[in-house]
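Lettered A, B, C, D, E and F in written order, each chain numbered from 1.
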């Protein structure tokens, strides 16, 4: 074999991988005249929103009072242009027949959705300010509100969630999920964009937190690492597919604290002002003002080869 | 002190850090004629494999039927060249005496292993298609199979695992671990490349999942965030080193569901069709068709200073 | 509307977001003559320290005995220049009145702190060597010490912690937190820089581990994924702010092992040589040499719609 | 002045620069729904064409006979997508009223022009092969044809010219000029895309060569550095604007050599097989088979202060 | 020799190159507390100025009338911060004793110079508009003013010159030269920042143009490629160093055209409305309204081996 | 046509371009086990050499006397590793049969050549110091030697030449040409690596300078922009190929000055201490101590349409 050839196995594998039947189940067909949604672009977009929402912390925003308005102006315009591009890119992702999309209508729709989203930014900033305050007051180790905004993964995750939720409510497809998964990857906090969460929400440490799609969380709620607000199993339709849209996750009322690793499943209600201890498994309602903890541990419960 | 000098303490520290006895326990000596394994390169390699396995989703692959074969051809050739380079780089990483390596033999071995791995790609794609299907059917919040492939961290982690496992079976050193740790960092899902996992495997949310080296998982298994398939303590040899290669992780049979935060330790078997509730600690066999849950929680179990 | 204009809603939103009352709670004002602390720079700095501490593994360090000293020399000098820049940048982050800072004094202070930190690098390397050894001996799946240093997330997280702790002890603001959050994001391991941890410390898998600010950990301790050393609730001062600096996290004595997902809260002591089983919730002292596990699970504890 | 404000002069200058009358003569208004032409993108596009035309030299093209077709396939598809994007971007650059453009028609036109251009690539490659051969035969210092293709600025400039000329002939606006200016900047060779040039064309060294818009060059012509084929002055229309499109540059017939720094101006003809010596100034026809040189220099023609 | 060592010659060369006497003539000592001037930063700075001067062409400036002011605001503030940083970096470059610099005074000086420069931007824009107009009117091949601004190397070079000249007049060291050399490298046009040039100045093609430090050019002057406005030899002082600051380059009065490759040396005057033909060598005054051309060429002036 | 297909013309063009007969004249076949020479890598390499030769100016070299040796050590080691890699890559570029190369021998040869080159760096630095001095003394506009090293294109071009010449003398193929072409592109100065040039060499401005392969230049020579030291036509061998290696370029003796745009062709000698005026064309010997200038220009030599 000359050095210039590669092995027959490689050639055969290329053939095998190029056959339509090999890739038909895992192939994405995007209309080539439409941009592909881009996780990298979405990351830049979310960074841009963070820069708009928290002036002076991220990106290269000015910290001079004289010029804040210039930065906001430039950044909001960029947001408008990039966001409608990405919304347009995602409009027919997974829609079955990309050939069918009317691209002019889709572009107009994307522009309209972008405007509606941008209008909500002042309100999103306002509720995030309550989350920052709650995180600062809730953590004796926090040095300043600035440190909370700049460093705390929970603020990062909640910001992504609040952005994603606003897009979700506008029925923008795909992007909300990309935005919350981005935070999930960076912080280990997985909040479904459909969940509804009140003001002054805090998550401490946060790794492993899961908040499912139909969860409803009141105001002043605090959640620790590893807490799950999840679903029990779910009914299937006649074709064996899960029935979409059923309310299947918990309702957590105002002023609840849930400690680390608690798993709370199903459409149950954790009553206001309750405290849920760590590592418990809860699948039925908890009355308001309750405190619940795990059954006490045992001693000597298992044996290792020859101990440690 | 002139502005051009730096403090004596810096000079002394450089001396201290440069002494062989200071770094001998934490120094890596790579043959300078051999490339260093590179996490950045491995990341690019795994991205390339993802692009090959799921055409049209990642990278810049075409989404036109006419040209898929060109992209597959280019990408597989690149994979062949980059992979054998990295395998060669890792062949004597940690082998004790890098001076001893015969570089021609090592290169030939790396090429041969690359070919053997590449030949498995069609099969890896096929089993990943079953994982995608399982994730889609198992999540009422999933909008489309496209969304699952594009966004779900579990698919990303399982893809890395299936690639790493194939390399592990070929006895490629180091790289399998790098590949699964990459997914671990991005998704919080830590699957050892040695583990054996059947088709139609799903992980939901996933952060905190640990699947140990000698675990065996059947078909149609579903695991939630925070689940551990781990080992109890392990025997040491006469030098006090752990004895390698003992089967010490669980066997999970077909159609099992394990809920969030369950910890399952040791070479035990979770029988087929069982459901394991969240937050339980299991160190002995569970019979097929079982449902097990945590002992019910108590109320009022602990007292805070002055409550919340 | 001409194509060149954007919608009135965008203009109005720019106005709304640019009003001082809209951003005053979430705005950062940095002295424009002082650099902004930079997470990207801090990442590069920590990479540089890793390169210094573990020669030959990271960056482009030589692996030739002849030239290690050149690389150490260049890298320590770079560290000195970059670190004092970042310390200076962070000195008045969140200090209330950036106008008040004397920049010459602040620069001198930053240089002095950098020197004091750099002097500790040889010692940090020494204790990290014990952590590497413990990780290697504690994991039967580890192939070599090289693999542990190169791949294990726990070593990455513990390295960041030991660097951050040294900076914390020097009272460097902000940066310690950035450094541990960096590891938190990459590995899911969240160790507060204030925590005190002995030698030969290991974390296995690690995702979800939380070690709170006032925790004290002895020597030869091993912790698995999902373990929390946390605080119970904490007293507030008269203004309703949490009282800072109270010792509120556990003490873990020498030779303790804590299994996955255990949650240990409050200023309690886990006595030496104890083994804590997974998924337990502990809020009071555990005597030395204890083994504790979760109460045994129940069968059939909850009902799904129609099973799985 | 607080540190947070900037000087009044800056504010005033921002006002001054933002007034419409200040920028109206130097402002570009692009339809915001249309991409901006991008020099960086055009650079990437020309690199892509070079990779297609000269397989194995540039980019990451394979050098294996088995896989050349995959690379050509991928690269031509990318070229098609990127080129029509840039043509579309340039279609109304400088057209006066960007609002007037029908974007669907413009996109279709851009696609059509891209196809017509791509069809010419095989022919462009063929004529470039004659240029490479001429450069190799014409330079005793050339080591191999490979070196000529890989290193010679003239081949780079002529490639850009031949690409730009094909686009110019298709009446693609703006891009041809960007492409030849790119070569001008890199090589100092300035060939107008409208010029017509035969096969086996060589330029030696090349810096300072200028070939004007209406020049016509035959086959087997060789030109040295600093040669100008330019225009004399040109007539103006009634508004004082230069009249466009007049043939005002030289015709150079087959087999002519023009030595360094010769300046040849106006619609004159340099007859076949002539040799033009360096540094001459020619503004009228030269008969075929002529050899012309500068009038002989004088001695002692000028005096420096006190000599050198 | 072990694979881990490198040859003795390398070690010896490192020693040789590290000896102070080896590098003392070619070493730069910068105060380590002061930034190093950066060509890359200067490139970014000039790009930023181009974006400010020509809105909508370069960078990512808006092309919407509504938002131009935001972009100008952001860009001018960035310019202010970056420019004073670079001016400060260059203030003691080559000043002999970097230790001697008072850094607070130097910073204040840099800020003051930046403000003075920025104030001139509106005027610079105005005169550049006349240059653009002249280039457009002077080139029958120009399609539009937009094309001239976007593509013409002369506009790029003249912009750099006008910026550099303003900085030169403010006595900013080093940076003016960096800025004109940047244009020199990109366009082959070398204009000394000290030269004085009137409005409506054009250079056609431009490669090889040299305009020396003490040149004075009137209004409406046009220069072709390869034209030199240079100095004859210059007097030396008693130490043999050239005497600085003598007026030694030509004066070119209004409405002059100079054709390609003309070389004009010494403090002579080319009178108004003159036309200088290409390739001439002029070292004495030319009266107004003159037309001068090279002596006519000869035929058959030299002999090649056997012709061409 | 579905949106997912591209036009038939594209498909046909891919076929046409992929046929071996289409690309055989312009195809490069590199041994796939050997790296491709890389212009980007060579650029980095030359930057590295510049950093070594002129400490403190380029790259991130220290400017502290204490640490210069560390930077030299690191940079020389990097140079050794990168240079032998590139030499190896170029060894069989254009050698006809890449299959024939013995890669172990080629690698050893590349290492040996790298060592021999590196040994010459101290001497190269020494002669470059004379060039810097000559440029500084020869230009009244030069502010300092630092400015000359940092900004002057001639120093950049001469540095590249002196590096390339040393490699050329060691018979390293391809790379010398790449290195001088790099300078050619950046500065417009084209010096063939084979030319021999004495110490204290200066080029002023430089654009358009050409120094041919067999030129010999003495000490203290100064050359202005646009000067050519070229060849007349050259004899062909029996196959019509140019005969390689004939001495065909000028000899320029010590202390000569050549003014702008002079063209000097053939194996002639410009005697010591001569001054050559600009724009002359010289094809025969000039005696030592001569001053030669162009024949005086004429007035009114040509007529434009209606003047200017």
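As a convention for this text, a contact is a pair of C-beta atoms (placed from the backbone, for glycine too) under 8 Å apart; a residue touches a chain by one contact, two chains touch by 3 or more.
If you want to know which protein each chain is, UniProt gives these names: A, B, C, D, E, F = serine O-acetyltransferase.
Not measured: the values here are computed from a predicted model.
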Chain separated most widely from subunit A, comparing mean CA positions: F
Chain pair among A-E, A-C or C-E whose interface repeats that of D-F, sharing over half of the contact pairs by residue number: A-C
Farthest chain (mean CA position) relative to subunit C: D
CA centroid of subunit D to CA centroid of subunit E, Å: 23
Distance between chain centroids, defined by C-alpha means - subunit C, subunit F (Å): 52
Residues within subunit B bordering two or more other chains: 4, 6, 14, 29, 32-33, 62-65, 67, 69-70, 72-73, 77, 188, 207-208, 226, 233-234, 257, 261, 277, 279-280, 283, 293-296, 302, 304, 307-308
Subunit F contact footprint on subunit B (complex, rising order): 4-6, 11, 14, 32-33, 63-67, 70, 81, 104, 107
Subunit B to subunit D touching residues, read off their complex: 60, 62, 64, 67, 69-74, 77-78
Contacting residues of subunit A [partner subunit C, same complex]: 52-57, 62-65, 68-69, 72-73, 76-77, 80, 115-116, 118-119, 121-122, 125-126, 128-129, 132-133, 137-141, 143-147, 149-153, 186-188, 205, 207-208, 224-226, 232-235, 257, 259-261, 277-280, 283, 293-302, 304, 307-308
In the complex with subunit F, residue positions of subunit E that touch it: 6-7, 9-10, 12-14, 16-18, 20, 22-23, 25-30, 32, 36-37, 93-95, 173-174, 177-178, 181, 184-185, 188, 190, 192, 194, 207-208, 210, 212-213, 226, 228, 230-231, 233-234, 240-246, 248, 255, 257, 261-263, 265, 273, 275, 277, 279-282, 290-296, 302, 304-308
